[in-house]
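Sharing a structure below in structure tokens format, with a few things to ask.
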Amino acid sequence: MEKRATFSNLWLAAAFIAPQMLLIFTFFYWPTGEALYWAVSLEAPFGGSNEWVGWLNFQTVFSDPKYWDSVRVSLLFALSSTALSLGIAVLLALFVDRRLAGHQVYKFTFFLPYALAAPAVGLAFRFIFSPDAGFVSAVNRIWPGLWNPAFNGNDAFIMIVLAQAWMMVGYNFIFFLAALQSIPRTVSEAGAMDGAGVLRRMWDIQLPLITPTLFFLIVINITDSFVNSFGIVDITTGGGPARATEVMVYKIYFDGFRGKDYSLAAAQSIVLMLLIIALTFIQFRFIERRVHYS
Amino acid sequence: MKRLALLAMAATAFATGASAAERTKFEFWYGLTGDLGEVVANHCKLFNESQDKYEAICTGQGGYDKAEQNTIAAFRAKQHPTVVQIYDAGTVNFMLSGAIYPANKFAKDYNLDIDWSKYFPGIANYYATSKGEMWSFPYNSSTAVLYWNKDAWAKIGKDKAPATWAEFGEDLKALKAAGVDCGFAFDFDSWMNLEQFSAINGIPLATLENGYGGLGAEIAFNKTAFVDHMKDFKAWMDAGYARIQTNQTGKNLIQSFADGTCASTTSSIANHGTVHNTQVAGLNWDVAKLPVIDASKRTNSIVGGASLWVMEGKSKEEYEAAAAFLKYVTAPDTGEKYIAENTGYIPVTTAGFELLKSEGFYNDPKRSGRETAIESLTASDVTPLSRGIRLGNFTSIRAEVRSELEAAFAGQKTVEQAIDAAADRSNQILRRYEQTFKGKTLP
Amino acid sequence: MVERNPILDTFTHALLIISLIALLIPFWIVFVAASHDFHTVNQVPMPLWPGSHFFENISTAWVQGNFSRVMLNSMIVAVGVTGGKILIASLSAFSIVYFNYRLRTLMFWLIFITLMLPLEVRIVPTYAVAADVLRPYREILNLFGLSIGLPEWNMLNSYSGLILPLIATATGTFLYRQFFLTVPDELTEAAKMDGSGPIRFFLEVLLPLSKTNMAALATIMFVWSWNQYLWPLLIITDQAHYATATMQLQKVVPGPVFGDPPIWNIAMASNLIVLTPPVLVTILLQRWFVRGLISTDK
């Protein structure tokens, strides 16, 4: 994806990009660099002694079955919450785009969950899904023990997937809707004249045309579920029960800042980062190539 | 935008600069949250109002763990507070940090005039080095007790709380038969089920006197009565006598006890006030010492809560201010009494305890039973196995114990397998900690 | 173009209404929980209809959280982050998309990677930088044997410390890049033909075109910065002056081990206070950018 028509004043180009580069260098790359150094040494909590240990931290990480559990949980979490929220969002956007009476209302309300802070959502969901108090507890009155995220790992996992998907649905919805509305009406009308019904047109015309947006959203959703799940997990489940909801970012946080093992956390951060970069790269290479830019 | 921010900054700087220019200020960070956090904040306010030379700037950090983490981050950036409240599990990190001003030395240098022998040994030893020097000031302290519903026990014809776990098990069975739906609420808190249990029954949690003897200690809890204790819990749960109640289930131990759902629970004495404030009307309850394995061999329980650490690298003026503050918040009247009156925490010295007794504190029906905690803490002379726990990265070890127990109770593995796994992983944590602090020895 | 199809229309309405209810239920429960007293809120099943303690709970929560002050702080921070981000992101995306230089792909990736390591996992070194912002530069200068005395610039307990590190991420740049890529090349060619330079093209052609994107980004950024939790909690110790609204949730999150029981009614009331401004902004700004999308409709 490159522009045919570009400018060539390099000084200007540099000046435009400089503020961003300065900021990310200061607040991202420098601190990340320090963390990288921790990954190959043993960093004491208060600093001071700092011994070079090479690959030791990575060996410790990779030989730990609980680490691989957290990788598995993260991937499952990313896939299920992304699929769920994208699926719901695209469905809602397609039908809101039909513009039946009242469609304005949906436009303005579906986005609302995204406006909430992760700790706020976590707090709300924890209350709502508590087995002993709150909203869902009523089901345990009817079928005792049916729902208990504090005890049953699957229930806890479902809870965080729902919370994440709930938060992201509105965000995805807005982007899908914007993409749908930028499709020229004539395209759709041509389809209608050829006798294609509403559903057929959604499938054959509208969906293919919004794949660039879909691509953008897959990237955003997956990275978001990898990196921003911290707030939800921390407040709803704390990674439990029995590590059933311990996503990678939460394990990093726990090992590093609760356990004060900065080096172990740093090694895991690097693995997480490489994993996300790899995922993104795959998406760029294989998905972006196939999508139809207008 | 930036200008607005600058203006606002200038305005606040001016406002604060003008009002309290002469006072020497110092920072105090604390970890307690919720109502307890408010009590600490108010303690600061009282100190600031009690004199006009010093001002404590007190900041809640949103949790014990965050208070420790933030203090460490701040220390690394040389922005740390002068005094900080650190929970029991952070003690080792702070002792090894080289970042603190040991309490006994600080007290001497700044004429705090503290009689260290007045601290209850069960509390003093927990925060003392292996040589018995106290490096931090006990502040909010508690210990574990059994909360029991007298009416429920009356149904099985008993008016006394069970003294041993065996008797407790019998009682639970009888309670179930008498129609009590939930006899006992428990969770997977290692402080209660592992640490207090081990201390009271005089069994080791780790080698080298639970780690006081050095960083080379190894886990022992998978070879002790702790395993059978957890198997009992599991059996009680499976038989429907007992139930897991945690914050995640929406009602923690204390709530499920206070609203009458469960007939007993084990928890910190600090929650004594909470039970009173939140109980359903007419709940007839009391606290008792935790049951033991053998009633004739009870040793002292250990302390929970947090202590105040002085950090190094501050100016003499700040230390003088901090000294005044520490004197105020640890004194029997302005310190211990204030804490005991406003929370469920207990006095930490014999002086504080005597003061409260002489004022009839424990005669108030709302507080009756709280002296049980002191009885429990002083049940015996402190033994090498009941002085406390000194293991590196204990936060992570607690988390291992918790998550393995969760797995066992959810039926993913047996209790033995789970505790062995927890011990195994804890040993790995200890070895890593030892390696990180290579060349350092525990004071 | 709306065509009628009774079965499909009914289905559409049903789907949308059910989704709407599902999406709004959590809000309703938070509201209901915030309107009961402590005992009622803990009943099972919990009441589904608001009680009479709403204003009492809100005012308790309001005082407890010092919201009169912290709301203003959050507003300053959110506006600062939003403005800064839009400015910086549009400029850098413009540079990457519209200028032809070899490093631009590298620049894009350098910016993009910042999306991939959240603040939570690099918070300790980031804090150290915020405490002395010019230290990296001092160390680099030292590396080259230059000892230029850069002053110490401590951002802890300041609005700039709350704002600048939050601007240093990629979301906006990514969004602008995606948008600029969809702008037809013909516009650039025409502008060049007219003899207008890059700055004029940026100001007169691109910015007006990206109005709706800007509103979208502004909404997202406002909400995102309002909702920051861990970073402010760490760097703001002078809570009387610089605390933000979301930070106040730490006071109501049920305590760790020996804490009090969750006081759900007050917790939910605080929650409600904290979430109201971003929800309002979302409704207002979103209305604006959704309308923008519709008006460019064909």
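Just a few scattered comments:
Per-chain residue numbering starts at 1, and chain names A, B and C are given in the order in which the chains are listed.
In the analysis below, a contact is a pair of C-beta atoms (placed from the backbone, for glycine too) under 8 Å apart; a residue touches a chain by one contact, two chains touch by 3 or more.
The model shown is predicted, which means the values in this text are computed figures rather than measured ones.
The interface holding more C-beta pairs in contact, when A-C is weighed against A-B, is A-C.
The most distant chain from chain A, with centres taken as the mean of CA atoms, is B.
Distance between chain A and chain B, defined via averaged C-alpha coordinates, is recorded as 37 Å. With centres set at the average Cα position, the gap from chain A to chain C is 15 Å. Across the assembly, chain C contributes 42, 123-124, 128, 130, 252-253, 262 as residues in contact with two or more other chains.
For chain B, residues touching at least two other chains, in rising order: 65, 72, 76, 250-251. Chain contacts: chain A has residues 127, 132-134, 137, 257 touching two or more partner chains. Residues 1-3, 5, 8-9, 12-13, 15-16, 19-20, 23-27, 29-30, 33, 41-46, 87-89, 91-92, 94-101, 104, 107, 110-118, 120-126, 128-130, 133, 136, 164-165, 167-170, 173, 178, 181-182, 185, 188-189, 192, 197-199, 201, 212, 216, 220, 223, 226-230, 246, 249, 252-253, 262, 264, 267-268, 271, 274-275, 278-279, 281-283, 286-287, 290, 293-294, 296-298 of chain C touch chain A in their complex. Those residues of chain B that touch chain A in the shared complex are 65, 68-69, 72, 75-76, 93, 96-99, 244-246, 248-251, 256, 393, 395-396, 399, 402-404, 406-407, 409-410, 412, 425, 429, 432-433, 435-440. Contact residues of chain A toward chain B in the complex are 42-49, 51, 60, 66, 126-127, 130-134, 137, 148-153, 156, 236-243, 254-255, 257-261, 263-264. In the complex of the two chains, the chain A residues touching chain C come out as 1, 3-10, 12-14, 16-17, 19-21, 23-32, 34-35, 88, 91-92, 95-96, 98-100, 102-103, 105-121, 123-125, 127-128, 132-135, 137-138, 140-141, 166, 169-171, 174, 177-178, 181-182, 184-186, 188-189, 192, 197-199, 212, 216, 223, 226-228, 230-231, 235, 249, 252-253, 256-257, 262, 265, 268-269, 272-273, 276-277, 280, 293-294.
Put simply, chain C touches chain B in their complex at residues 38-39, 42, 64, 76, 79-80, 83-84, 123-124, 127-128, 130-132, 154, 156, 158-160, 163, 233-234, 237-239, 241, 247, 250-263.
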